[in-house]
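Every chain is named by a letter (A, B and C) in the order it is written, and numbering of its residues begins at 1.
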Amino acid sequence: MYGSASTHDIPTQATTGLENEDPILLAEFEARIARGEKIEPTDWMPQLYRKQLTRMIEQHAHSEIIGSLPEGTWITRAPGFRRKMAQMAKVQDEVGHAQLLYSAAETLGKTREQMLSDLVNGKSKYSNVFNYPTPTWADSNVISWLIDAGAIVNQMANAKGSYGPYCRALDRICAEEAFHLKYGHDAVVHMATGTPIQRKMMQEALNRWWPAIMTFFGPSDKMSTHTEILMRWKVKMATNDACRQQFLDMYVPKIWEIGLTLPDANLRKNEDGVWEFSEPDWEDFKRVINGDGPCNAERIAVRRAAEENGAWVRRAMQQPKAQYVRPLA
Amino acid sequence: MLFSFDPRISRLELPEAPSLPTDKVALDQFPTYEVFHQRKENAAYAYVGPVHAPEADVAFLFGKEQFSRRFPCTGMWVVLTSNIRVTEYGDDQQSVYDRLPLLPADELGTADAADLEAYDIFHLKKRGKAHAHVGQVQAASPEAALQAAKAAFGDQRPVVNVWVVRSADLLRSDEADRDMWTTTPDKKYREAIAYKVQDRIDRFKQEG
Amino acid sequence: MDPKLDLLYRLADDQLILGHRNSEWNGLGPILEEDIAFSSMAQDKLGHSLQLYMLLHELGEAEPDTVAFTRNTPQFHCCQLTELPIGEYDFSLIRHFLFDHAELLRFEALADSSYEPLALVARKVKGELKYHVLHANTWVKRLGTATEEAITRMQAALEFTLPYALGIFETTEAEPEIISSGLFIGEMELQRRWEESISKVLAQTALTLPDLRLLTPVSGGRYGQHTEHLQPLLDEMAEVFRLDPTADW
């Protein structure tokens, strides 16, 4: 799941560095993108393109592997075979997505181990929503349906981007996500239309998650030169606001139709088709993304434990003469 | 001890404060293998993506689950990434073969049949799509194989990029291993189509 | 107990419990790709247990969900090997190796069972189990010939696990009838094939297989005697169900 706009850090430095790029190569590169052709790993590309894509795909990959944890915890507890098998398969897919995305990022020159190292050392970010816990089964269902839904909005947009390996990974990911979305919806509907206990559980989980969901796409974009360039290069495919609007339009009606409410009195669709809502608490969002959320420490600790516990296995499997070569595509 | 809602994590008994950051050792980095799969009987093998693995047999184990668990599959090939000879990338609509310089015969190695080996050729038809297998040629080197590929498949277009792999470097699933994939289509629980909930929603609205 | 029920419960409970245990690695594996592979095999195990509980249901037992998620420790017939916590990867791999070799041989034999519905299931999952064993063998061969650290770990895990693995073959009172009615070849014959099969693989490593005759099998599982680890897992498995037993989840 988990598109990358949710970590939304387009570089803020004053210059784009474009003045240092070869103007002829740059023009060819831009012409290729304008023609609708994809960029492949061995093509010439501007530094800014490489840097921004690496960061974006890497954060997307981190979000998948970290995102496997809040749902992974519910595998053993999932009620009944049907849910259990699906929950396992879904969490497995998320780990698989991480693998696909790390591979795509590797084609840009950063090794997977370096990315994993940066993750466990707190040097890179992942989608902020995974810094919140899933205290009940209903919370897990909310992620399966609505966080995945948000991610799909992002991923469908990004799949039309300009970088070949990222598109290839996203095509596969989107195909798998179709199941996540249906499964999550199915589980939420069962609870929302179920017994009073189930309804209450689901409503409470939704109330807990809604503020985080509203921050999922990040704050409104500041329309900087950077943003414009990245959109022209088809690195950033839609503004955060456009994604949020699309998400609300697709899913709020589906939430309401099963009798659930959303904890925002200002949420409504205007006559012009635009959704209105209370501005999310971006100060709190910043606080959490910078490490002070309920689960930040645990997420990193768990990843680090997985790394450390697995180190002997990787040491033993390593062939001394083996040379790492980054994937081709 | 770290408190967690996750019983699995509680069982790991992690310390409250994480240990000092440790950079991963470079050693951890395995080589990469590129994986190709066959979607159905007689279909061309197509590129699906890479795996990290210490050796080809492990790459096969990994590739099988990462790339063939969700969709029908009848066979799989893996090859060490560094064993793939890659041409430059052309524009969509063109053929990179057109830009391939014809090598003089003496640079292509001997024409001695004993030195010839099979090479597998993969084409990329469009940027952003996946390489697909087009066939085999006999040649004495990867460069010669590329020339032979141009002769054999050069009339196909567009060809944005070509991969050349010595056939002996490909680890291929056995015919006898096909049954490893027989139950994949039965695993309906991981398909969107298995979740039909509209009736329940309609009933709920009616009872509303 | 009816020999069919007796056999089915043992098989289904083994798969259910080990499937749950192995699923705990989901997201925590030593290598991303291995995480995915191990999860697939855990899913397969749960899938097998479901198919077996469905056979039990056809024979008059309760629904699979009820049978799987509402019984308590004394009603479980899994061997104790399956219920041990996942520990470190050396243990989980060795358990997977020892159990899945037995499982493959068991289902190969069951493909000829006189009980046709079970034979059908067995024939169907043969390919899956082939992958499981290929996976287990590849890892055991690699780690069992790798660094001194890995060999020491794998040897220790093997020695710790073997007595539990012998518990796979614990028989019940129904055993003579199971064999005479052609349901199954019997645990003794299975164990003989299993020893041969694991020995062949271990012989290609630096690991040594202790003399199994000198080991005391950890038994009791088939009669509902279990370690202290099973009930907490069963509680976990039933946690959501118990919140509202009338609910459809």
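The criterion applied here is as follows: contacts are C-beta pairs under 8 Å (C-beta built on N, C-alpha and C of every residue); 3 or more make two chains touch, one makes a residue touch a chain.
Fair warning: this is a prediction, and the values are worked out from it, not measured in the lab.
Taken together, the touching pairs cover every possible pairing of the chains. When the interfaces A-C and B-C are ranked by how many C-beta pairs touch across them, A-C comes first. As a whole-number value, the distance joining the C-alpha centres of subunit A and subunit B reads 24 Å. Here the spacing of subunit A and subunit C, counted between their Cα centres, is 36 Å.
Inter-chain spacing, taken between the CA centroids of subunit B and subunit C, is 32 Å.
Along subunit C, residues 24, 28, 31-34, 36, 40, 43, 47, 142, 236 each make contact with two or more other chains.
Chain contacts: subunit B has residues 7-8, 30, 51-52, 54-55, 58, 66, 69, 187 touching two or more partner chains. Counting partners per residue, subunit A has 69, 72, 76-77, 85, 89, 92, 96, 99, 112, 190, 302, 305, 311, 314-315, 317 as the residues that reach two or more other chains. Within the complex formed with subunit A, the subunit C residues making contact are 20, 23-24, 26-36, 39-40, 42-43, 46-47, 50, 64-65, 68-69, 88-89, 142-143, 146-147, 149-150, 153, 233, 236-237, 239-241, 243-244, 246-249.
Across the interface of their complex, subunit B is touched by residues 32, 35, 37-40, 42-43, 69, 72-73, 76-77, 82, 85-86, 89-90, 92-93, 96, 99-100, 103, 106, 111-114, 116-117, 120-122, 133-135, 164, 167-169, 172, 175-176, 178-179, 181-183, 185-186, 189-190, 192-193, 257-259, 297-298, 300-302, 304-305, 307-308, 311, 314-315, 317-319, 322-329 of subunit A. On the subunit B side of its complex with subunit C, the touching residues are 7-8, 11, 30, 51-55, 57-58, 61-66, 69, 177-183, 186-187. Of all the residues in subunit B, the ones that touch subunit A in their complex are 2, 4-9, 12, 14-15, 18-19, 21-24, 26-32, 34, 47-52, 54-55, 58, 66, 69-71, 81-82, 84, 86, 88-89, 91-92, 127-131, 160-161, 163, 187, 189-195, 197, 200-201, 203-205, 208. For subunit A in complex with subunit C, the touching residues are 65, 68-69, 72, 75-81, 83-85, 88-89, 91-92, 94-96, 98-99, 102, 112, 137, 187, 190-191, 194-195, 197-198, 201, 302, 305-306, 309-317.
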